[in-house]
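Each of the two complexes below includes chain A, the first together with chain B, the second together with chain C.
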Partner chain A sequence: MFNFASEEWVQALKEAINSSAGYAEAAKTWEGDFYFIVEAGGPIAQETVMYVDLWHGVCREACLCPDRSLKNPAFVITASLPVWRKVIDKKLDPIQGMMTRQMKLQGDMVKIMKAVKAAKELVECTTRVPTKFPA
Partner chain B sequence: MNGFMGRLLLVDLTSGRLSEEALDSGLMHQFVGGAGFAARYLYDRIDVHTDPLGPENPLLFMTGPLVGTAAPLCGRYEVCARSPQTGLWGESNSGGRFGPFLRFSGYDGVLFTGKAARPTYLAIRDGHAELRDAAHLWGKDTYETQEAIQAELQGTKLSIACIGVAGEGLVKYAAVINDWGRAAGRTGMGAVMGSKNLKAIAVGGQGQVPLANPDAFSAAVQATIEAVKEDVKGQFLTAGGTASTVDTTMWMGDIPNKHYSMALWEPVAKLGGGTMAETILTGQKACYRCVIGCGRVTRIGGRHATESIDGPEYETVAAYGSLILSDDLEGTAYASHLCNRFGLDTISAGSTIAFAYQLYNRGILTSKDTGGLKLDWGDIEPALTLTKQIAHREGLGDLLAEGSRALGRRYGVEDQAIQVNGLELPMHDPRAFVGMGLVYATSPRGACHNQGDMFLVDLGAPVPELDIQLGNRLESSEEKALMTSRVMDWRTLYNSLVMCVFCNPSADLVLDLLNGATGWNLSRDELLPLGQRAFQMKRLLNGKLGLTAANDRLPKPVLQPLVDPAVETQPPDMSILLPAYYRIRDWDEFTGMPSAGRMTELGLQDLVAH
Partner chain C sequence: MWYFNSPLIVFGEDALNELSAIQGRRAFVVTDEVLLGLGHVDRVTSKLKEAGLEVQVFAQVEPDPSLQTVKLGAEQMSAFGPDWVVGLGGGSCMDAAKAMWVLYEHPEILPEEINPITPITLRQKARLITIPTTSGTGAEATWAIVLTDTAEQRKLALGSRENMADIAIVDPIFVAGLPPQITADTGMDVLTHAVEGYTTSWHNDFCDGLCLKAIQLVMDYLPRAVADGTDQEARERMHNAATIAGLGFGNSLAAMAHAMGHSLGAVFHTPHGRAVGLVLPYTVEFTGLTAPERYADIVRFLGLPGPSDQAAQILAERIRSLARTVQQPLSLHGAGIPPAECEVALPRLVQNAESDATLVASARIPNSAELVRLYHCVFEGRPVDF
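Now for the complex of A and B:
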């Protein structure tokens, strides 16, 4: 089990992405890196920033960042811990999460709207990472 | 009367007489404006004997209290009459600038009665109304008409609503087109204009809508603008237009494919707002005071090269695209252009044509019927040809101009036509969002998505402060019926205000806007009852026009399951949804009409005896 939003979890996610044929196919034209940010609150003492660089169906780089200043990704998705958990548990569709303002997205909306299938496959990858959430 | 210009213009086209009528403040308070007011106003003026295309059918262009104010996304108007397409309540609304400009011209609405002896148009400039000869405009398309009138009436900034050849030829789903490519598309209001020899209405002026509480109104406006800008739905619409939803909801089976026979057809993504933005998009258009700007301006090359096209919108790319398995984005853009110029509703036109494709591929329609056209799935060219034929009532187009119900009836397959009460379904398959099945079956104007967008609620846009909650999109239940009724009441109020359904701030902000404009001092608890009153009013009017419980039915094909392992869909279970909805609405199971008790609760007791 990997603690959610730890360096080990992020590396396990990278491995899950790179071993997913479904993601490779769905995201074969995708070019864009992300910050996945867990907002401070509850057991999360301070904002946690995960960086994932996705390029043509593979994850080129993934790491935990000390803060937002390390990288300048094309997209930033921000949500609270309970919301991230619902997404990873497939209890909340990310699109629904954004529409209900539980998740905030910054970046090129045109690129994002064309990548729904890739996003679904990405969520599938997260479900394959054995995850322990903070209590 | 704050929030209103306070008067209607009455135009008797038979005599050419123009007069005015003061708005009844009590009636406005009860029905707000827009389509709600129109239903009450026209209730006393039409009945089952009114010929929708006869001089006796009154045609009302109406605005609401927020139109032409600084409130964002309220630049709309309603046009209402007995529908020639359905024989029932006809209601259609459109954005652009026509609604605000009508108010600036000095009126809240215009009622047309009678029939002009020769082609005519109405001009209202700064409170001065006149009927003008339109013989030279008859036969012109909607863009040519607007250009010609603009040139004739120089000096005042104008907005023009008009019809094209489809309206002149009484195509049952002829649209009213305004501000170049904005359309009041549904229920054939363009044909009603055509039946009256009314080619156009040009409006403009310097009037201002009086506000009850300008400071409070201004604060509500600013807060609403911020809320709309923060809303990701609005951000998607800005980036990709209404077709931005293609890429998302195709994975839910929302967009219908191959005339409602396939859950998923992946090439449809080529018609989405994202692809459009990266290929043919050249600009965006926004309606009056809109901060979203969902309107697309596109340019296409090739065989239909056109420098500037308004659209295509979501409904058009589906109706002329996925419905006939065509992924030709430029072709759908050209279809949009043709429909705009001829003045056709793209939903009904595209859906009727797609039904013809299906009948052709089943051998029910033959090349003899089509005049040699081969209606092969995937080929949009015959659809474009048929669109021209419909507009001019030529060949097979003369039958298609009557709509899919008439087409089905001619060939003995009326139950296969995808329509409710004669109005073709919009491009949201109810097997993706079962609440839409209930909306389509019970909407006052036939199958309509703007009388209750349950697809949006269950996609992730609930209105919790009105207890409109997010639900399972595939669950047919009493709860779904309750949520659907509330959404329909809410959107009915929108159609009275008149506010765009893409404007979704909190209900409290809508309340602040309404109170700030009118001074009515309403509470949040009064919002849904206001919507329900107008909704039940339309129901009563439909009862007067012959509607009963037997009309509340979905077409058979959308009650059949779709099979695709990649997409989860479920036909709406109307045996659960409809009885529950009837109980919530307090409708009689045979007449389909609200009880006297419910009418009294809603302040409609004066209509009980009817």
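Now for the complex of A and C:
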């Protein structure tokens, strides 16, 4: 089990992405890196910033960042811990999450809406990472 | 959490009279030249004038309206300064009106930037009335906007919940003279909205009843409306069905038949309703193999006999039976597209379908190889068994 939003969890996610044939195919034309940010609140003392660089169906780089200043990704998705958990548990579609403002997106919205299948496959990858959420 | 959006819906015979009671100063009517020629625009403008409104008409909306047309209409709208925008027509006119309205309220926004995630504030300058003249798209009761980028030759699925109409006027007088072919094409569009709205992965309690009722209305009244265009009851019930299905799928999303049908329309210029209706039974069979429960509900509601584990196949056959009755094609070959053209177009068809936003809500999302096999089934009229 990997603690959610730890360096180990991020590396396990990278491995899950790069071993997913479904993601490789769905995201074969995708070019864009992300910050996935867990907002501070509850057991999360300060916001946690995960960086994931996705390029043509593979994850080129993934790491935990000390803060938002390390990279300048094309997309930033921010949500609270309970919302991230709902997405990973497949109880919340990430597009619906953004439409209901439970998840906040910065970046080219049009590009995201054209890559919905890749987004679905990415969520599938997160479900393959054995995850322990903070209590 | 989720939302349910709806305009005030005024429906039935003489619903258009509601316009006589509208309060305001100026109305800008967005429509097309055909409707102008048919006298439908006069019907609307005379009611608006009865209400004391000054009226300007923009009748330059083309089928599959372009970004350029939307910008042109928004410029004229800004110059006129209406407090009501009226979208009169099929989906093209109503979608164009929605987009022009957004640009009128927010000149800094480009039409291709209208999306469901970035909040916008409307109704600072005007409100929107939609009046459908076909029984199909349901655009009068959805916030979706489909525009065409002519430079890049692609359709853009846009829209924000804010651009839902304030009032939808669903008066059967506008569809009384529709020819059988358009009646059948648009009727299959209604059925596709309703079936997909009920079976999408975004389905919800608020939409379920609407979708089931719309399916029932189409099954009962579309054959009558096609066979006898003067059957007023059938016309009215189909007109209601289109709006009900619009509310249903507009608040739950369309799915794979729209992704594949949009692709067919873009490549072969097949009319939208015919394209999605043609694909529908195949997508029902495909998704039903892994998620049969929702199809079992539909089959039970329609009173169709058979085991529940075969509900998708039973529903697919019922849809094909309806298509035969209203003389719709059951395959691309049947639609007159030669096999060689289908094969040449296959990579483009698959690519378009995969990048279509509606695919996300499908209960089962096909991969590229499955899409190739699905299109081969649609080419040949062969049921899906994988």
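Structure notes:
Here is the rule we use: the second predicted complex is superposed on the first by the 135 of 135 C-alpha atoms of A that agree within 3 Å, B and C clash if a C-alpha of one lies under 4 Å from a C-alpha of the other, contacts with A are read in each partner's own complex, and residues count from 1 in each chain.
We take it that contacts are C-beta pairs under 8 Å (C-beta built on N, C-alpha and C of every residue); 3 or more make two chains touch, one makes a residue touch a chain.
Predicted, not measured: the structure shown is a model, and the values here were computed from it.
By the touch criterion defined above, A:Gly22 lies against chain C but remains apart from chain B after alignment on the C-alpha atoms of chain A.
Within the superposed three-chain model, A:Lys111 lies in touch with chain B and out of touch with chain C [touch as defined at top]. In the superposed model, A:Glu8 lies in contact with neither chain B nor chain C. After overlaying the two complexes on the shared chain, residue contacts for A:Lys120 are found with chain B and with chain C alike.
Of the two partner chains, chain B and chain C are each touched by A:Met99.
In the superposed pair of complexes, A:Asp89 makes contact with neither chain B nor chain C. Counting contacts as defined above, chain A residues 93, 95-96, 98-101, 105, 109-110, 113-117, 120 meet chain B in one complex and chain C in the other. Within the complex, the chain A residues that touch chain B are 93, 95-101, 105, 108-111, 113-117, 120.
On the side of chain C, the complex with chain A involves touching residues 1-3, 112-113, 115-119, 157, 161, 201-202, 354-355, 357, 359-361, 365, 367-368.
Residue ranges on chain A touching chain C, taken from their complex, read 22, 25-26, 93, 95-96, 98-102, 105, 109-110, 113-117, 119-120.
Residues of chain B that touch chain A in their complex: 230-233, 235-236, 238-240, 244, 247-248, 251, 269, 272-275, 277-278, 459-462, 470.
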